[in-house]
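Multiple structures are listed underneath, in C-alpha cells.
Next, two complexes with chain A in common: one pairs it with chain B, the other with chain C.
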Partner chain A sequence: MLHLSSWEIGPIFRAMTRNKVGAVLIALQVAVTMCIIVNAVHILMERTMQMARDSGIDEANSFYLSSTGFADDFNDQVVIQTDLDAIRALPGVIDAMQINAIPISGGGWSMGLQTQPGAEFEGVGTAVYMVDDHVLNTLDLELIAGEAFKPSDIRWRQRSQRDWPAEIIITRALAENLFPEQSYQDTVGKTLYINDDEPVIVKGIIDKLQAPWVGWERLENAMLSPEQTLFSSSTYFIRTEPGRLDELMPAVEQMLADSNKGRVVRGLRSMQETRDRTYRRDQAMIKILTTVMITLTLVTALGIVGLASFNVNRRRKQIGTRRALGASQVSVLRYFMLENFLISSMGVILGAVLTVGLNIYLVQSLGLTKLHWWLIPVGMLTLWLVGQLAVLGPARRAAATSPAIATRTV
Partner chain B sequence: MLNMQNVTKIFRTDLVETRALSDFNLHVKEGEFVTVTGPSGSGKTTFLNIAGLLESFDDGVYDLDGENVRHLNDTQRSRLRNEKIGFIFQSFNLIPDLDLFDNVDVPLRYRGFNGSERKRRIERCLELVGLANRMKHLPAQLSGGQQQRVAIARALAGEPRFLLADEPTGNLDSKMAHSVMQLLKDINDEGTTIVMVTHDPSLAREAKRNIFVKDGKVSDVTHISASAPEPIASISASGARHV
Partner chain C sequence: MFNYYLRLALLSIRRNPILSALMVAAIALGIGASMTTITVNYLMSSNPIPQKSDQLYYVQVDSWDPNEPAEEPNEPPEQLTWTDANNLYAAQKAQRQVIMATTAAVVEPPSQDAKPFNAYIRLTTNEFFPMFDVPFLYGGHWQASADKGREQVVVLSRKSNDKIFGGENSVGRSLRLAGRQFTVVGVLESWYPAPKFYDVGTGAFEEPEDLYIPFLLKEELQLPNGGNTNCWKTPEDDSFAGFLRSECINYQMWVELPEEQDKQAYLAFLNNYANEQKALGRFPRPLNNRLSDVMQWMENRQVVTDDARVMLWLSLMFLVVCLLNTVGLLLAKFSGKSAEIGLRRAIGASRQALFYQHLVETACIGLTGGIAGLALAYLGLLGIGSLYGSFADNLSSLDINMVLLALLLSLISSIAAGLYPTWRACSIAPASQLKSQ
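== the complex of A and B ==
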C-alpha cells in the first residue's frame, strides 16, 4: 500500500497540466498570500521588537506633570524647590526631580557633541536631559563608570542662557558613538565640545537611556546635564513604589494645585500612557496587518476549498470509476491531498520569489530591514499546511464516493 | 468462480423500498462467458454491481472465487476489485485528463506494480486492443469503439480472473459493437471468465450462456451450443450475424 507508484504524482501532475486554469489561479493566490503574509510578519516582528526596546527607565512606576506659574509674584526657583521637597516627602514616592523633556515622548532637546573643537568637525547627535542629582534614582538608571552628580554640581539655567555646565553624564551608546575605538570606561574624564568649541567633561557613563524620539536611529544617544530650568513651565518627573502609581498621580496633582494658587498644574500623564501614545500608530499597524493576514489566509483557504469541491463534484464519475478499478478510500483521499500539495508547491515556490522581491522593494523604498531568511521556509510550510487543511473536507467527501457511481451515472 | 444464493438487494429511500434483487441465484463457472439480458429496471446492473463488489447486499450468500465477500470491509473489497475483477462500462469511463497510457495505468498503480512492470503490461494490453500507436492520445481524440477498447485494455491490464461488463456496446454502432464483442470472445478464449449485461439479443446469443433477469430474479437460462446456433438466430429480431 505504501508503494510510491500508488501515489500517482506523475498522472496527477499531467492531468493538472491539461486542466490548469483553476490550479494556476489557486497557485497564484497561494503565492500572493505567502508573499504578503511573510512580509507582514516581518514588519510585525520588526515593529514588535522596536516597541520592546527598553527605554532604560522604570516606566511602570513613573509619571510626570507640569506646573506653570502665572501670578506676578510667582518665584519659580522657590516654588520648584518647595514642590520637589513636598513630592519627595510623600509616602510611596521613591524619588522625584525636575526634567526638561520626557524620554520616548516625542518632544525634547537635541544637540551635537564633538570630540575635537572647531566648526569643521562633525558632531554626534544626542538628546539632552536637564536633571538634578536625583536623576539616577528617579529614572532608575545604572551608573556603569565615573561618578554621579553631587548636589553642588547642579546649577539653575535661565531661559535665555546659552552656556553649558562643566561636566555631563552620557549613555554608554553615546560614548561608543563618540569614541568607537575605545571602551566606554575610557570616555570618563574626556573633554567634549558643544557649539563647536565649548568644552564639557564626561563625568560618568550610564547604562541606558532612550531619547524622546523613538524613530531616531541613534535612539540611545542621550546626555544628562546637571541643571534645573527656570523656564515658563516646569515638568516634574516622579517615580513611585510598585503599585502606588494610580493613587499617587491624582494625589500629587491635587497637592501641587492646592499648595500654590498662582499657577496651573497640567499634563499629568504616566509613562505607560506616554509609551502607548508614542507607539499608537505601530499598534494600529500591527492590528491592520494581523487582520489582513488572517483575512487573506481565510480567503485563500476558501479558494482551495472551492476549487477542490468543484473538482470533486466534476469528477464524481471518475472517482467512482477509480474506486471500481481498485482505489481504496485512502487512495482517493491521498489523490486530492497530493493534488493540492502540488498546486501549493507551485504557489509557495513562486511565493518565495515574490516574497523576496517585495522585501527588496520595501527595503529600498521604505527603509525596511531585510527579511530573516527562515521566514521563507516557515511561510512555505504554513501555506502548505493551510492548503492541506482546507482540502481535507472535500477530499474526505471524495473518498466517501460510492464505487457504484461508475455504473449508475451516464 | 461466482456463486450467488438467494441474494437480495433492497434500495430504501424515504418514500419507497425497491427490491432490486430478490432471492437471486446464479453460479458462473471458471472460463464461462455469460450474458445477462432482461427488461429495463429488472436488476441487471444491480446484480453486476454486487458481483463486482461495487455495492453491498442485504441478504443471501455470495462467494467470489471461493471467498465469502459479505463481510469484507471497504479496503478488502477495493483490493479484491483491483486484483480479481476487471470492469467495462457502457460509457467507457475513461479519465478525460489522462492519455491512454495513464488511463490503463490507473488500476496498475493501485496494485503497486513497479514502473517497468506497469509499462510492460500497458503496452501489451494496448497492443492487444490495437491501439499501441495511440498511447499519448487523450480519450477525446478517439472514436467510441476505440475508447471502449482502451477501457478493455485497462480492465485486462491487471490480468483479472473475472471481467464484468455493463452494456459495453450500448453506446456503439453495430459494427463497432461486434468488433468489441469479438475482442471479448477472444479474451474469454484465453480463459478469463466474463459476465456481460446487454440489450442486444444478437450479442447475447454469441455467449456460452444467457440468463434472463426479470423482477430481480433469474427467470430463464439459455445454454448456447456453438455447434447449434440456429434456433437462437431465429428468435433474434435483427438477424444480424457476426462474421
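== the complex of A and C ==
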C-alpha cells in the first residue's frame, strides 16, 4: 500500500518554506522559460506551415532569366519568338514561355476582378500572369474545368496598353472567391469585369497557382491572361526534365547572350533559389528561435543543477543523519525529485499565465496568431521533465551519501 | 581598499570555479542574446539623417478613389501622380524640394572591356543631393537648368564609377544609357543610408541606386516604372503620355522646411492646391494632405519589422531568466561563505565594508559576463548577417554606443542580481556562525 504520507510532502514543503527565495527563483525561471519556449514554438509552427504552402508549379525543375535589349535595331517581337523557339528546342527542356512575373518572387502585377460592372462595386484582388499557350505544361498546372489557351488566343501587349484579352483562365481559389455560393465548375463561361467595366470571360479553371506575394492574404488568387509582353525587358520561364536544371541554366544564359549582342541577359535564377530568398526571413527566424530555445533550456537546467548541488552539499550532514536513522537511498532520491517537482509545478502554473499573457500581447501589437491551447500542457510537461532530469544528478549524489558522514564533525 | 576587495573577489571566484563559470556563462548568454536583438532594433530604428530629420518632410496628397481610401483607415496614397509631382515641384513653395522615381536601363560603358549591364536609376531633381547631404567624391550635382532643359547628365554612385570607369575621376566623360549619350557631372562618395529613408517603397534596407539622372528624362526617354505603381482609375489612352497624365501613383516628393511656420504654410499651400484640383474635377476625396518628417515617415512605413520586435521581447525575457539564474547561484555561493563572513564581522569588519566587498565580487562576475556577452553578440550579429543575407548588411554591426550599452547593461543587471544575495550574506549575525565552529 502506498500512503501519501510516506512521500514526505509535508516535510519537503516545510523545508522549502525555510528557503523560500531559492524555491521562488527556480519557479520564476521555469515560468519565464516556459513562456518563451511555448511562444517560440508557436511562432516556429506558424512559419513552418507558411513555408510548406505549395506554389502549384514544378519548383524543383524550373528557372527563369531576363533579356533587356538596348541596341537601336533591337526588335523585341522577333527576338522573343526566336529565343523561345531556340530554348524549347534544347534537349532536356520540357517547355518554356515568356511571363511578366514570377510566382512567390515578391514582384508582380495585380488587378481587381468583379462580378458586376461599375466603379462603385468592390473587386476581388488577383495576381496577373501574362502567359502563352504553353503555360499549363511550363508551370505544371492542371486544368480542372473549361479549356486551355490555343495559340490563336495569344496577343502581343504593348507597354502602355490598357485593355485586356477577351478570355482568361483563373485559379480555383479565385473562382470560389468571386462566386462563393457556386461550385467552381459553374464559373466557366461567366463574364467578369476588370478595370471596373471591361468584360472578360472565364475560359478555364486551374487547380492551383500562387501569387508573387507570399505575405498577401489572397495568395491563392491568380489569373492567366493570354498575351506576350513587349515591355522594355522580357522574362523567360523554363521547365526542365528532372535533374537537368544545373546543366541547362548556364547553357540557356550563354545561348541567349551569344545569339544577340544588342541586349543584356540577367537575373538567372532557379525557382528553388527564389523560394529560399522569399522565405529567408522566416527561415532565419526559425533558426534564431531554435537557438534561443535550446540555450534557454540549458541555462535553466544548469541553474537547477547548480542550486540543487549546492543544497545537497549544504545538507550532507542531515542526509547522512537520515540515512543513519534508516532512510533508504530511494527515499533520499525521492526527496529531492519531489522537491523539484513541487517547485516546477509552481513555475509551470505561473508559466501558463505568462505564456497566455505574452501571446495576447504579441497578437494585439505585432499581428501574430492565437496560440493553440494544447501547446500549454505540452510546455508544462516539458519543463517538468527538464526539471526532473536536471535534478537527477545532484539527487543521486545525495542518495549516495554514506551514513557515516553523520558521525563526523565538520 | 578596492584592490584588496578585488583580490578577495578573485580568490572567492577561484574557490568555486564551476559555480562562478556558470554565473559568467548565464550573464554572457543573456547579454549576448539581448545585445544582438537590441542592436538590430537600434539600427533599424536609427535616424539616417539626424542633423535635419525634423526639417525634411515627405509629401502626401489624397488624389485617390472616391469609393475607398488608398490604405485603410483613410490614409492618403503612399506616392504622387506625375501631374501632382510636377505641379508641386513647379510651385517651388519650400526652401528646397525634390521629386523622384526609380527606373532601370541598360548602361553601355565607353571602354570595350566593361560589359553592358542593367542599372537601377533614380530619377530626381538637382536638390536631392544638397537636401539629403549626399557626399560627392568627384564633381557635383547638376544645376536646376539641367532639370528644366532635360539635359542628359548623370551622377554615378561610387560603386558604378568603379565598375564603369575603374574608379578614376570620370567627370566630363560620357557613357551610353538607355540608348543615349550621357555626360558624367559627379561621382558620389560611398553612401549607404540605413534605413534608405528617402524611398522605402521597395525595401528599407536596400542599397541606393547605381545612377542618378534628371527627373523629366522619364518623359523624354519614356523610361519604365520602377518601384510600386498603383492606379485607381485606368489611364485615358494607350500612349506613354496617357500613362503620365493618369491617376497612377509612382512618384515621391520631399520638401525641406526649417521652421514650424514653414511647415504650416506648406500644408496650407497643399490644401489650397488640392482645392484647385477639385475645381478641375480631380481629388474626389475629402482634403487629406500630409507632411511627415523622416522619423514619422519611417514609423508610418513600419521600417522596424515585427520579427525584430518579437525577437527583442523574447531576448529581453531570456536576459531575465539568466539574471534569475545568477541571483540563485549567487545566493548559493554567498551562503556557503557565511562562516567566513561571520568571522570577518566578529573581528570588526562593518556591514558596509562587507557589502562593498561582495558588490565588487558581483561586479567582477558581471563585467566578465558582459565582455563574454559582447563576443557572443558579435557572433550573433554575424549569424544574423549570414541568415538574412543582403537585407542585414547594414543592420549587423556593433558601434561604440552598443558596446558601451552592453557593458553597462551587464554591470547594472549583475549588480541588481547581486544586491539581494549580498544583503542577505551581510545580515548574518556573527555569533550564530561562530558557534558551530
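Going forward, the second predicted complex is superposed on the first by the 405 of 410 C-alpha atoms of A that agree within 3 Å, B and C clash if a C-alpha of one lies under 4 Å from a C-alpha of the other, contacts with A are read in each partner's own complex, and residues count from 1 in each chain.
The rule is simple: contacts are C-beta pairs under 8 Å (C-beta built on N, C-alpha and C of every residue); 3 or more make two chains touch, one makes a residue touch a chain.
Predicted model, so just to flag it, every value in this text is computed and none were measured.
Using the contact criterion defined above for the overlaid structures, shared-chain residue A:347 touches neither chain B nor chain C, since it reaches no partner. Look at A:408: by the touch rule set out above, it reaches chain B but stays clear of chain C. When the shared chain is aligned, no partner comes close enough to touch A:146: not chain B, not chain C. Judged by the touch definition given at the top, the superposed model places A:204 against neither chain B nor chain C.
In the superposition on chain A, A:266 makes contact with chain C only, not with chain B. Residue contacts after overlaying the shared chain place A:8 against chain B, while chain C stays out of touching range. More residues of chain A are in touch with C than with the other of chain B and chain C. Touching of chain A by both chain B and chain C, each in its own complex, is seen for residues 410.
On chain A, the positions that touch chain C within their shared complex are 21-22, 25-26, 28-29, 32-33, 35-36, 39-40, 43, 68-70, 72, 119-120, 122, 158-162, 195-196, 231-233, 263-264, 266, 277, 280-281, 283-285, 287-289, 292, 295-296, 299-300, 302-303, 306-307, 310-311, 313-314, 358, 361-362, 365-368, 410.
Per the touch definition, chain C reaches chain A in the complex via residues 19, 22, 25-26, 29-30, 33, 65, 67-68, 104-106, 108, 116-118, 176, 178-179, 222, 224, 234-235, 237-240, 242-243, 305-307, 309-311, 313-315, 317-318, 320-322, 324-325, 327-329, 331-333, 335-336, 383-384, 387-389, 391, 420, 424, 437. Chain contact summary for the complex, chain B toward chain A: residues 45, 48-49, 52-55, 74-75, 78-79, 81-83, 87, 89-91, 93, 95-99, 102, 105-115, 118, 138, 154, 158, 166.
On the side of chain A, the complex with chain B involves touching residues 1, 3, 5-6, 8, 10-11, 14-16, 18-19, 317-318, 321-331, 402-404, 406-408, 410.
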